[in-house]
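First chain A sits with chain B, and in the next complex the same chain sits with chain C.
Let's look at the complex of A and B:
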């Protein structure tokens, strides 16, 4: 401890000395745990209004960093002459702040996992209906978690395996990931192809102008983007392929652009793009309004 | 006989393909009706997906953004991040549950702040490109053709009509209502195109599965595959 204090003052206050860094880092982490968890009785002693004030303040401060970095103008050389003119003084803090969010997000993953495991363990312990499937889930989870974590550690050179254990890890992870999870994933999502047709039938049988437009557009796009569209246009209807030659008449130009693949492309990029952009603008403005409400804790029940 | 011997799961690769096919058929068995075979693989899928995420999304992120900065680079301030994040786990406690809302508030506040940045980087350039679309032929744009101008006009009209349709701040009457109806029809064209694209994407996945079963498992060469 004698070495660390002069080092912090003389060198970089944010960085631990290289000598005995592992020991210092471990002590600091333990200290941080004691300090942060030691705050709990203090927080618990707060009245309900004080608790809400803390949550609201933290929410506001967390958003303030990103909002201020966005709203403050760049080029702070008048105040900080050495600063980079393409950014303001908060810009360097954005990446570390995002790393903090990523770390908390990783902890939240553990929260979800804990919830899942707790639910299925309870199913098994209490022998609830179809508890056998919960056993399957738990075994699959534990096996995959072991291989996935070991594989991640091995990739980071934190787990050094050789010989048979290494082969078991590689082969086991390949079977679990490539031959099982990836296949189940693809099968599960391709299953939607079947259901989307029944959904389409229900949507299109509604007899209205809107439903007709929707059906017609979907049919043209579906046929136009696959080889069937080109076959109908060029083989069956005999339409000319490719762009019209330079200086061609209006009739030839029209014939060159009424094939199904061209019409499908035109629908996608000329008619669909602005409609989607309008939806996105609506989403963006709505999102902005919601972001302000959340940031200022005006949205009750969230914070 | 040679085909049959090759077909059997006698090598690790063949065994993997057999496992993949069994998984695929188990999931597709739902098309007939809900059955124990499907339920077994469905639960296995959830377990595997949850287990897998712990490696790259849990351990890897914690190592990169917490362990490495503290123990390798020596940045001690990061030590407070994980104890603070651990407050999330109080969500399971009735007495201390409110403490988890401090961390949830951090995530929500930061997400709201990040949305301001996203709005500028995502929506403002789109607005800019829409406003800059040339709507008439001029010597300033020698490459512009009549069809491009017509398409640009269509783009602006569709965008404005759909935005009008989504304006609920006042009662739409007369010309505005007719313009909004036009917007609704254009919206249907857009949704039809999205639907068609989604169907084709799912069909692509289905074709991929059929190809896997026929080509990889049954070893029937399709589309020039050996």
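Let's look at the complex of A and C:
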């Protein structure tokens, strides 16, 4: 056993051998497919406690791989003389594990698409309330998907079009993407400005000292960070721009630091940055606690 | 029923009037030829200096993760940065974790590179969409060709002259994150320490990044359209940043004016009620 492990590590067991790679890859994919297909009935047949035990174990082992790879020291030559001293023996396993993660991430997109289409198809078939919108969604979805997939295939030279079909594809994708999707998306988001304006007028009331400080600070930053702040400070009020010269008197130093852009920058760097840092520390610790709870399957509803 | 006072009418103004006023304000100052000159803020100056320090042929990773919803802020940033990189002869590659951004950044980069005579594959490339940024960064640090595999044209990235010999993200000089999302802490956490990180957030996300600017983990920052205007000024070019920043600038004034107006109306109404008993 002692001889086998270093040998396997030297051979990089986490990656398929170069010779007959296609055959090995096919076997691995088929094996994974059979394993997953076999696992589904096993999971369904198991009682909830047994099912939970499997999910908890897989979750823990998957998390352990990344944690162990990160925390283990890099140089393992004392145990595995042939090992690469710049990485530990788990490092080569990270890339395949990450490929699996990316594949799962990509599958989530497919799952979302399937759920969306299924829901709206059901709306149309069962003539539910406002089913017309579902028809619009499905038509838009199919049209955009067709042109987008064809465009991507053409970019990758997998779909070779010439003449009129090529022009139709290019023009169609431009109309759908640049002149429709992008414009609609931008218009949707820009509506927020109108809601903010209306809400600020109606709700931003100075009812306490805290609210007054907040509003005054917000005003200084809002004006100070835009060009108008500089115009008011330097053109209208005639304040000097830039840092005060060395050895300048107190009055000059004050004049050089009371322009709106400088005050806004001071607020952002001196007041905002420490507050943000404190928030991020809190969020970080909370995230770590949540990660540990998920890893150890302590979180409710994990299984 | 008592007639409403002017202050009550002001406080219960129909929101459509407010929308109309803001709309007119934006359109007028977007199209107005009057352009206010922006003072260069320290984060933008640092951003500029970092790119100035690059040498022709250096490789930069542009993480373009924005969709059309934040186009007004992120597009001027990307355009200005690309123009600067091309002016310096720097090579760059794109990556997108936002599906829509893959096409937006690709089409925008194609237009700008064609104008500048930059050749795809030789001086720049687009790696396309990757679904998980943390996994992608960790993968690129360990083995970039194995993680990315192909560019958007389906060419293995080892065959692209621009990325030939690139083994890891460590071979890059810089990462530029253009995004409305909080992805910069991910780049800071997982990318190699020797790779400098520059950040182009939307205005609303910028406040969170000052802590990283302060610590030096982010070397420079272009904040929204206003930052793009400053950058255009530094480059001496006319782009989208100036008109967008102009409209934003006067919209800020309008919002402040109406907040004050609302508070003034409330105060006057209270005084009126006290007087009336």
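Just so we're on the same page, the second predicted complex is superposed on the first by the 252 of 303 C-alpha atoms of A that agree within 3 Å, B and C clash if a C-alpha of one lies under 4 Å from a C-alpha of the other, contacts with A are read in each partner's own complex, and residues count from 1 in each chain.
Throughout what follows, a residue touches a chain if its C-beta (ideal position, glycine included) is under 8 Å from a C-beta of that chain, and two chains touch if they have at least 3 such contacts.
Computed from a prediction, not measured in an experiment: that's the story for all the values here.
In the superposition on chain A, no contact is made by A:238 with either chain B or chain C. In the superposition on chain A, contact of A:59 is made with chain B only, not with chain C.
Of the two partner chains, neither chain B nor chain C is touched by A:251. Of the two partner chains placed by superposition, chain B and chain C are both touched by A:196. With both complexes placed on chain A, chain A has more residues touched by B than by the other of chain B and chain C.
In the superposition on chain A, contact of A:222 is made with both chain B and chain C.
Applying the stated contact rule after C-alpha superposition, one finds that A:179 touches chain B and leaves chain C untouched. Of the two partner chains, chain B and chain C are each touched by A:276.
Contacts of A:139 after superposition: chain B is touched, whereas chain C is not reached. In the superposition on chain A, A:261 makes contact with chain C only, not with chain B. Overlaid on A, the two complexes show chain B and chain C touching the same residues of chain A, namely 99, 101-102, 105-106, 108-109, 148, 152, 156, 158, 177-178, 181-186, 188-190, 193-194, 196-197, 200, 215, 219, 222, 225-226, 268, 272-274, 276-277, 280. Touching chain A in their complex are the following residues of chain C: 11, 13, 15, 18-19, 22-23, 26, 36-39, 41-42, 67-72, 99-100, 103-104, 107, 130-132, 135-136, 138-139, 142-143, 146-147, 150, 152-154, 185, 203, 207-208, 210-211, 213-214, 223, 226, 229, 245-246, 248-256, 258-259, 261-263, 266. Contact residues of chain A toward chain C in the complex are 91, 94-95, 98-99, 101-102, 105-106, 108-109, 148, 152, 155-158, 177-178, 181-186, 188-190, 193-194, 196-198, 200-202, 204-206, 215, 219, 222-223, 225-228, 230-231, 234, 241, 261, 265, 268-269, 272-274, 276-277, 280. Residues 12, 15-17, 19-21, 23-24, 26-28, 30-31, 39-63, 65-66, 69-71, 73-77, 79-89, 91-92, 95-96, 98-99, 101-117, 119-120, 122-123, 126-127, 130, 151, 154-156, 158-159, 162-163, 166, 183-200, 202-203, 205-206, 208-209, 212 of chain B are the ones touching chain A in the complex.
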